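Here the chain labels run A, B and C in written order, and each chain numbers its own residues starting at 1.
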Amino acid sequence: MEPVLSVENLTVLFHTYAGTVQAVKDVSFHLDKGEILGIVGESGCGKSVTANAIMGLIPSPPGDIAAGRILFGGSDITKMDEASLRRIRGNAISMIFQDPMTSLNPVLTIGTQLTECFLTHHSMAKSAAAERAVQMLKLVGIPVPEIRMKQYPHQLSGGMRQRVMIAMALALDPQILIADEPTTALDVTVQAQIIELMQKLNRELDTSIILISHDLGVIAGLCSRVVVMYAGQIIETASVSELFSNPRHPYTHGLLDSIPRLDEARAHLESIEGQPPDLLSPPVGCAFQPRCRYAMRLCEQAPPLFAPAADHLSRCWLEHEACPHSLPVRGHKAGEPA
Amino acid sequence: MLQYALNRFLSMLVVLLIITTATFVLMHSVPGGPFTAEKNLPESVMKNINERYHLNDPLWKQYTDYLGNVVKGDLGPSFKYESRTVNDIIAESFPVSAELGSLAVLIALILGIPAGIIAALRQNRWPDYLAMFGATIGISVPNFILATLFIYVFALKLELFPAAMWDGPEYAVLPALALAAFPTAFIARLMRSSMLEVMGQDFIRTARAKGLPGYVVIYRHALKNAMMPVVTYLGPLIAAIFTGSFVIETIFAIPGLGRHFVSSIYNRDYTVILGVTVFYSAMLVFLNFLVDIAYAWLDPRIKLDGGKGKQ
Amino acid sequence: MVNIQDFERVGYAPLSAQTMNRPVTTYWQDAWRRLKQNKLAMAGLVVISFIALLALIGPLFSPYSYSDQVLAEANHPPSATHWFGTDNLGRDLFTRILYGARISLSIGVVASFINLTIGIIYGGVAGYFGGRLGSVMMRLVDILYGIPLLLYVILLMVVLKPGLTNIFIALGLVYWLRMAQIVRGQILSLREQEYVLAARLIGASSGRIILRHLVPNAMGPIIVTLTLSIPEAIFTEAFLSFIGLGVSAPMASWGVLASESVAGLRSYPYQLLYPALAISITMLSFNFLGDGLRDALDPRMRK
């Protein structure tokens, strides 16, 4: 079965006055129909830039898609002109963002912002668009939607605003929804509601979702496959259960170790020492090497992607067949987040 | 909204009181009274004047009398021109100033706003540099210097426009342009920085991600937000035009209220100075009040919740 | 091809790798670097320094004084003996412009500093003590903002009579509002800042907090406002002179020179040109510099 989206060797550079930043380097992954794919990584690792590249939203100076392809519906997004991209945005591929407080226009009603989704991509009567807008609001679980249509964003709570964002994103039944940190700015209880909503919509509408987050709990709760990014590169790809039970990269190990646990007595919080590299002058070898407990001399050369198991990729020299060392095994049941 | 409007209305009244009082205090702090400060007049004339203008009453009584008169709309007689009242002078010359001023406001808005928008949309490219360079010159060169330059170049040398008087539409061109220079420049800069700020906001990113074409993003999403600071500036804009009119009308010999004000300063005609100050201040405060209301109307956050907003 | 030695373990020293590739700079060094890149702002700075220098020592080199009248040489155009020509009373215009620089610049600077002082005191009190007192004080400022201040400067000058000190007083007393707002805003935002809390947590005293943390960061917008209020003061003084309320003759500020030139404009345009250029170039330079400072000191733009 053909994947619905295929990113191949994507490299994105930003030319700033201080130099050229290598935001995304040689990133490849695919998204299958109906699947929920997670992209995990810390701030600055390139996950948002990748998402923006899929939407064609990288500002063209200073941004520059230096290499790679993004295949969708038989065409390459990186080569599309603005008019074609606009037809896709909000229509075939949609995106929701992190902060619902600021992502909605404060001086326009919810109704206006929702109906314009329909009116932009199809010619229909305003009343027809309004009806469909109300339906969308119902779908995302907003009570008394007719009243909400006439309200302004500041009159809704954070959770409701994020639901409105989801409604706008799914209005035209897109094939792909990209959710960039959708729950980060919300309270924990509201987070759970939004995650539930996204699961329901994925089941009912068969929308493929790319979920970007730095929160492993959210990823574990929602995704079937995960991509881990670090310093602009993919360093590990696996199914969720495989990743959590058998991580094959020291960074992933560190991430999982750093999640505080309630069921173990621990004296201190684990963290990964050090800082991510400066993307203005990226290191020549493995980007994680300075912070890696298992670093070897070989790590001064950039590691390629290895396949330690079926459908499991890792960018680490430890996975080389001739390597005598290996990562310790984590003692957790499959599918259970750390 | 109603509460907000009431709030603003009360502030306005307080300001008017402060203005009237402050002006009154200032005028009466000229030592020895306005007439003795200037010339020596014979006793009998002084006596008449004192009685006529109630200058012998205790100060507080003069103040309350004055307040009472102001509320009735009577700004008193002119000190210098026996037969004319301040109200007469204002009634006669204000319409001219209003014409000139309105023209200047229109120029400022019609030129300044688009200039600012274009500069923002073409940031760091030549339209931006050009517009901003012009704008910086506009706020740096004082309007009376521009006025005299215009007269020299366009009236005296090129003879395209008249240098003085107010006898027809062509007489308005140079003064209006000189008067509008600073406000146009200020609005252009303000609009530019406001647009830039708005275009960097998250909801613009959302609008783009929905597939909206560029011009829709600008006029439906960005503009309304970006115009807010410009609306706030309308009050100071009109104030700048008022004060600018003093020199512009003087230079171009235009029979407006500004020129009368300036000559009343030369003549030390205290009631006129006092009266015109109160008039201008009151107008401005009232206009500011209207602008506040308009702003509140445009921003749904204030309109619906009286400025407090949810969470 | 890899060989077995390549798999040799190397040490683990993550914190040594923390040295950022870019040299660490302080806030001020970074701001200065950004300012230097702004050509217009640097040009403004150079011009201002030059004019200030001229104002200070220029008159010493001139063979003329600003008040010597030589009626026989009245209204001469620029020449080798009178670089900017003479005015209607035969006074050398170049010298008068130099003296005018002294007066206009000193008015600009002194008035701005008076505004700064009043503004810091008022805004500082309102911001630091906060609460009802602070709100009432700022409400008063909001109210006063609605008044056309220039009118009151004019009134003050009418009452006080024209003269240099009175100009200082009039400008200083009236234009402090903006500075008070900025100062108070800065203090309020700094009080909220996390790092003040952090400093308190590690036991720093209030005084130390104020000095090392609050003040340097508050300085940015204050410096910008100060720089931009100088051209405003120069403009106001020129305006006052133009309507006859400026410094008294024979002292000449640029505004006075400009207004004196209007009568003979048709025949002697140069009498207007030089003061006009002087005022415009000075105001332009301060505006460019102020704009540049604003961009350079904006902490959000720090890269």
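Just so it is clear, a contact is a pair of C-beta atoms (placed from the backbone, for glycine too) under 8 Å apart; a residue touches a chain by one contact, two chains touch by 3 or more.
Keep in mind that this is a model prediction, so the values were computed, not measured.
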| item | value |
| --- | --- |
| Innermost chain, where centres are averages of C-alpha coordinates | C |
| Contact-richer chain pair (by C-beta pairs counted) among B-C and A-C | B-C |
| Longest centre-to-centre distance from chain B, chain (CA-based) | A |
| Separation of mean Cα positions, chain B and chain A [Å, integer] | 53 |
| Inter-centroid spacing, chain C versus chain B (mean Cα positions, whole Å) | 24 |
| Whole-Å separation of chain centres (CA-atom averages), chain A against chain C | 48 |
| Residue numbers on chain A that touch chain C, as the complex places them | 16, 18, 272-275, 278, 280-281, 290-299, 317, 320, 322-325 |
| Of all residues in chain B, those that touch chain C in their complex | 11-12, 14-15, 18-19, 22-23, 26-27, 29-30, 136-137, 139-142, 144-145, 148-149, 151-152, 156, 235, 239, 242-243, 246-247, 250-251, 262, 265-266, 268, 273, 277, 280-281, 284-285, 288 |
| Residue numbers on chain B that touch chain A, as the complex places them | 201-203, 205-213, 216, 220-221, 224-225, 298-301, 304-305, 309-311 |
| Touch list for chain C against partner chain B, complex | 142-144, 146-148, 150-152, 154-156, 158-159, 231, 235, 238-239, 242-245, 258, 261-262, 265-266, 269, 272, 276, 279-280, 283-284, 287-288, 291 |
| Residues of chain A that touch chain B when the two form their complex | 55, 57, 86-91, 94-95, 97, 99, 102-108, 116-117, 120-121, 152, 154-158, 165, 168 |
